[in-house]
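Both of the next two complexes hold chain A, though its partner changes from chain B to chain C.
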Partner chain A sequence: MSEIGTTVFRKDARAKVTGEALYATDLFEEGMLHGAVVRSPVPHARILSIDAGPALALPGVFAVLTSKDVPGKNEFGVITRDQPVLCNDTVRFTGDAVALVAAETREQAYQGAREVRVAYDPLPSVFDVESALREHAPLVHEKGNILKHVHLEKGNVESGFPEADIVLSETFRTAPGEHMPLETEAGLAKVSQDGVITIWASTQSAYRDQRDLAHALGLPENRIRVIVPHVGGAFGRKDGITVQIYLALLARATGRPVKMHCPREESASFFPKRHGTLLKYKVGAKRDGTLVAAALEAYYDTGAYAVFGEKVMGAGVEYGLGGYRIPHTQINGYSVYTNNPPAGAFRGFGMPQVTFAWESLLDELAYRCGMDPLEFRLKNSADHGEEGPLGQIFETSTGLRQTLEGVRSSPLWKKRLDLKTVSDPFKARGVGVASCIKGCGLGIGMPDFAEAEVQILPEGTFVARVGVTDMGEGIATTFCQIVAELLGVSSESVECIQSDTFLNPPGGPTAASRNTILTGKACFLAAEDLKRVLCETAARHWGGAPEGVVLTKSGPRMEGRTASFSEVSSWMVEQGKPPGVRARYDMPVASRPLGYGLPHRIYSFASHAALVEVDRLTGQVTVLEVSAFLDCGNVLNPQGLEGQSEGGVAQGIGFALMEKNVIQEGSVLNNKLSTYIIPTAPDMPAVETSAVDTYEEAGPFGAKGIAEAASGSVAPAIFNAVRDAVGVRLRDLPLSPEQLVEAMMERHES
Partner chain B sequence: MEISFILNGNPVNAGIAPTQTLLDVLRESFRLTGTKEGCSEGECGACTVLVNGKAVVSCLMLAPQAEGCEVTTIEGLSLGGELHPIQTAFVKEGAVQCGYCTPGAVMSSYALLSENPRPGEGEIRAAIAGNLCRCTGYQKIVKAVQRAAEEMDDPV
Partner chain C sequence: MSLEYIRPRNVEEALECLLSRTFKILAGGTDLVIQLREGRHKDLPILDISRLSELRFIREKDGKTVIGALTTLSDLLSSESLRRTAPVLLAAVREIGSVQIRNMGTIGTRFCQIVSLGRKGRTRTMPLPDFLLGPCKTVLESCELIHSVSFSTPPVYQHFEKLGERKAQAISIASTALVSGFKNGRLKGIRVALGSVAPTVIRAKQAEAFLESRPLTPDMILDAGEMAAQEASPISDVRATAAYRRKMVMAMVTRGLWPCLKEVGESR
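Our next item is the complex of A and B:
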């Protein structure tokens, strides 16, 4: 294999380093207008009246649209369509969309939005899950504040806990968080003469967007075309509708192209965030460290609308007890409405929150058992063929143990006692470990497939047409590698053309660590089929059997005869064959369904070790080193894997130590990059990445997805390292230096 | 009002509103969209360009302030289609993911290497501290700048 397992430079890197790569924000059309959204300034209210007059009187303002101008169904949402495109009678969060403005310039559009007069009659609001679940709590939606409750049981926790020698009960909280992709929500829409509305959008989910656009516009899907230019980061934020419907409505109403490009504050205030959670855990083990029973009550604040709420909470349930052997378990998960801004998908999809809590708790349990935290995890980790904590069977590649063994053999872990030594008396150092589990794919019950079309071009090069979007992770290059490997050519002669709902086959979203397996395998199958077609074509042209044809880097060969790929391409035309073949791959489904769309069949695992330094005086925590051990199956592109890992560690460090949306009475107070702090270059430690030796039979060339697991266990590794350094454990994320100082002082006094 | 400045080596004129930023003029009047808008408040570094050789966030500079200045954008680094060694190093080291921060990071690196041809790792991290990246974790950007420094110092 020459293309697989070697570093192939990103195909789009050249266009990106020269500035040629076009993003949705870079699109300009002759005569285009700019769009802006009129947003609710209050968290919960009845709309009494909307007066567009003052806005329309402003120079440059061209149109104002309200809910009456939504021609189809005034609703959207990935699973539960509970979010109005434009609110008709009620607003449910500060920032809910009430009207749209189109104007000649972006400035005029936002000025116009400020001048649309909306009268509100405030309603009682609720801002945290505990209040939302109280009797007589204000209702965010008429059907009640519980969007979804999931209850799973295995064994019997009633009899299980008494069997344990040590039982711990702890409550953890994680703050809501913000994706902060460098490119905010943006797009451009245009109506062509045949009535088709084309939307160029920064999105992860072109095909689902097309469906949602058709639903809101009351048009058949073949009147809506979604094209995705380069995407400037997403991480789950752009998995679904952001500005797409607004753009289409404005373009349709004005007859002119319309562009939107959200300012940072708007982006960081009103679009779906990472769920804040409240997690109540109980866990019991034998004195020798054998896990006996575990229970979890998980509350996910989905904000005013579902977005992905029920599924994100479902993921918390699925990953909340890791990949360990536990005979007795009970899990209750609640996705709860509040009047906070909506929460949605964010790298890990509900997993990083529970992983932080669970891996902190396990660490504490190891201490109580007098065991090394790594050996404790190894003792309990489930292997291939064994039953996981929910009752799922780990029936595909299962590398949790290998990732932990990787940590055990790493220099960081081996030298951890030496590394703790620090001469400064006001500093302390510690090393921590944690693991995580993340399913590949959307889970049972959601259509989870991808198609790909691989074509030969007249010049003898190849194109892979896919329905998904490379949002920065580098998946398009991976698809080229897969196609090139099967055809025996260099990946330089393969191009990947991404999401265009009119020209490309569907691929589902770029999400859920699913694309390496799904679209990757579809590319694999299509390329394999095209190889057969190429050989048959050459054989027929030369008058021989297809089995006698061999594909070489330059073209087919048979008994001394050779041809270029370009020639074969022309023979295909002569023989009446289409230039490309399509293939589809469906995500394999778990053989033992548990209900609620659970579980996944294929899981990725990761373990991280972190070395931290704690300033005893200020509580400041600095991460000095991180070692990542990833179970991603066979590695397709080592540089791509390192990129995912290093970026995942950065987001994990932000999640652990820095990132917290301060939301007061439903208003996001820190919606700028100067107030919502993400890691910068000087904040980042050295990251060492290793892949463990596993092979996923379902994936292309043995690979599976790793984007989410690569970030998932970073935060608990840091918290566990802090515990190792100073002997105290915090249960609120992100770590607050003030809280840490207090905890250290308390420990000192006692 | 009308301003004149040198843009990527060529003298140019532009009719602008006095309140427009250099970023908007570059993107809208000249359609040089390689310079990105990430925040418009000088907090992300995506709009970094060179003004008289210094790295500047173009969203915080009013366009009239560019009068008579020499402005270099990402498009000005690879004139004639040949990548600058910094750009090549970003490609080879895998320092590019979504790419939205890339032009700004390249321009900051260019300004650094112009002043300090052999920076240490800490100096590189400090020089790009204002270029936020949400994808890469910075490690490969640092390596790319180190590689570019070596290659520029030791031309083959």
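Our next item is the complex of A and C:
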């Protein structure tokens, strides 16, 4: 093994550093128009009329499209197609799309959008899940405000809770949040002479987009080609349709290429966010710290449209009680419509919210049992072969215990009592720990597979064609490493070509911590097969048995004879063989289905320890150190793992301490980088990342995905550290310094 | 988008332009360029004074520091003399924006006591509080330019604290600057300035007077913090509530004064 487990030079590094790499925002076509969206200024209303006249009279404005101009089905959505491409009679959130404008320049397009006159008749609105669930609440959709209710039970909580010596009930809230990828929603569409519409888009899901585009345009999928250029970050935001359908409609209607590039304020106001949640927990334990029963009522505000709503809530249900042994459990999850901007996928997919609440509550329970919070978790963590809190069996690699043991052996945890000492009278320090669980893949019931094609080129180098997208995390480099390892060559002689729905095999979305396992394994299988073909080709050329052929770095060798890969490539042509082979890998499915697409078969786990400093005067919290212990199976690329881990910590700190969409009557008030606060370099602590020793049989070379777990337990570790520092626990996320100051004063006074 | 843009060669020429028409003035551009992007000032021509080196200087004379209006924030940070005489100013400057912003942004009117304004053929000089009228409002007339800002060397004890929503590039929730000397166990020449808790930067004059009135004690510090908090008139916005801002004035004044307990002891 030379490629696997080593940090290799990132394939995209040079192009990105020099600026050669093209993003959707960089694309340019001769004669292209620019698109803009006419958006509703009100949260809920009937559309009375739309007058495009004033816009069309402006210089440069080329076309205005409304719902009448959507040739196929005027709807999209990942699971439930409840979102109109362009609203026909009703708008359901401030920012809902009503019309499209194409103009010669971007300024003219946005000017045109401001001049389209739309008359609205306002309807009553709801902006929080509690109001939305009240009797006679205004209905966001005719079918009612509950998009989905999930109910799961194991054992019997009625008899379970009385068995407990200590029972805690707490309510937690988490705020909606913004992904804030560096690159906003963008793309370009062009209709070619044969009628094929090509859309270059910043997306995580080229193949699903192709399907949704065909649905809205009323065209067969083979008329739609989606190509993904370099993507400037996504974090779930671009897992699905953003501007793709708008682009295709405008290009088709105008006959000219059309580009869109959303300004930051539009991006941060109107595209799907992280779900805000209301989480009601009850948990009971024996005096010795053994968990007996737990119940969760989880409400996820999906906003005006489903996007991924039912699945995100389903994930909250699946991860809401962690990876612990609990005999009696009951979970009710609700995905609820409101007139807020829609919520969708966001790294962790509903997990970080429940993990914050659950791991805070467990911490409190440990205190009440008089136990060390780490030992409390170790006592209750489920191992391989055991039953999880939903009744699922942990039937694959299960590293929760190892991640906790990792924390126990870390310098941060061992020295935690010394680290609490601080000389400044206005400061206090504390150390906290938390864990999380995240499934790899989409879950039962959704087609979850990936294909890859590995080819040899005439020059003797190799290409891996995949259907997924590197969003900046570096997965393309890892695919090259996998192929190189199997063929015995250096990853420098392997290129990875990503999402193009006409040229590459399908791969599903770049999401759900699924790509290392799925596309990685497909690359593994295809490369293994190509290796066989290469050996057979050489054997046939030389007149021997394939078993006698050995692949070396420079090419095949057999009994003193050697050839270059370039030569083998030409022999393959002579022998009538195609230059590449394809393989497909399907995500293994859990052997005990629970309904609602639950559970997963493969889980990743993580535990984080955090050292924080609390300013007693201002309530401000600084994270000083984080130790991350990740159950990611065998590590393929250490630098890739560090990137995921440190990025996960940064996002976790933002989630815990800063990030919050301030939404008033459905309008996002903080939609700029100056007002929506994300961490910057001085907010980042030192991060120590360690992978625990696990091996996932399903994944390539024993690996599994870690992108989401790497962020999931950061926030509760910080809240638990604050509790350790000042004896106060807050239940609203992000942590409000104002609340903390008040809570500290209350504690001081009592 | 098109705009009219004039770049005068010197201050004389700039002032002549200002007499003839109304302009938006581009100094560092850190605010103006954002406003232009938002579609504001559409009909106004731009007068770019950013390269007028006559207004970019830091001079020290007779115990006074004079800083030209176009001196960038980064210029201030690299000034040896300011590092010696006014670290409190540099501590505040360090909290503004990012390196890129500080390279472009100018001192303008931000921190100093006396402001000199120039119009063609005439200059006027006034204390900063008279110059500032409210948020983004000053007495500057459309035919005038800020020439410079000046201040006497502040006393030895200097403290600055800014509270933001993160550690860098954060708009302030509240800020406090303190300078003081010490004499016979008392504070001498104490100045308490509060930012982001009133329509303009203000001084907590009652707290100042109280602090000089008798020998410093821990209880006095707490009372002074309370007084300063009452002198503030904060608002609620997306960053913080008015109530929190008021509390933070007390918190920051307390923190800023605390080390003085030791210093006054040594001055007895």
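Basically, the second predicted complex is superposed on the first by the 750 of 750 C-alpha atoms of A that agree within 3 Å, B and C clash if a C-alpha of one lies under 4 Å from a C-alpha of the other, contacts with A are read in each partner's own complex, and residues count from 1 in each chain.
Following the convention adopted for this analysis, contacts are C-beta pairs under 8 Å (C-beta built on N, C-alpha and C of every residue); 3 or more make two chains touch, one makes a residue touch a chain.
None of the values given here were measured: they were computed from a predicted structure.
*Asks:* Could you say whether A:V662 touches chain B, chain C, both of them, or neither, answering first, second, both or neither?
*Replies:* second
*Asks:* Using the touch definition from the top, say if A:E738 reaches chain B (first), chain C (second), both or neither.
*Replies:* The answer is second: A:E738 touches chain C but not chain B.
*Asks:* Determine, under the contact definition given at the top, whether A:S674 touches first (chain B), second (chain C), both, or neither.
*Replies:* both
*Asks:* Is the number of chain A residues in contact higher for chain B or for chain C?
*Replies:* When the residues of chain A touched by each partner are counted, B comes out ahead.
*Asks:* With the two complexes superposed on chain A, say which partner A:F28 touches: chain B (first), chain C (second), both, or neither.
*Replies:* After superposing on A, A:F28 lies in contact with chain B but is clear of chain C.
*Asks:* Touching A:V231 in the superposition: chain B (first), chain C (second), both, neither?
*Replies:* first
*Asks:* Scan A:L182 for contacts with chain B and chain C and give back first, second, both or neither.
*Replies:* First partner only, chain B.
*Asks:* With the two structures laid over each other on chain A, which partner does A:E221 touch: chain B (first), chain C (second), both, or neither?
*Replies:* A:E221 contacts neither chain B nor chain C.
*Asks:* Touching A:G647 in the superposition: chain B (first), chain C (second), both, neither?
*Replies:* first
*Asks:* Who does A:E567 touch here: chain B (first), chain C (second), both, or neither?
*Replies:* neither
*Asks:* Can you list the residues of chain A that touch chain B in one structure and chain C in the other?
*Replies:* Overlap of chain B and chain C footprints on chain A: residues 674, 678-682.
*Asks:* Please name which positions on chain A make contact with chain B in the complex.
*Replies:* Answer in residue numbers: 7, 9-10, 12-23, 25-26, 28, 179-184, 230-235, 261, 263-264, 471-474, 639-640, 642-643, 645-651, 672-674, 678-682, 684, 686-687.
*Asks:* Contact residues on chain A for chain C in the complex?
*Replies:* 107, 426, 617-618, 620, 622, 658, 662, 669-670, 674-675, 677-683, 737-738, 741
*Asks:* Where on chain C does chain A make contact in their complex?
*Replies:* Chain C residues touching chain A: 1, 163, 165-171, 238-241, 243-244, 247-248, 251-252, 254-255, 258.
*Asks:* Considering the complex alone, what residue numbers of chain B touch chain A?
*Replies:* Residue list for chain B touching chain A: 27-28, 31-41, 43-44, 46, 73-75, 77-78, 83, 87, 90-92, 94, 96-103, 106, 122, 124-126, 128-142.
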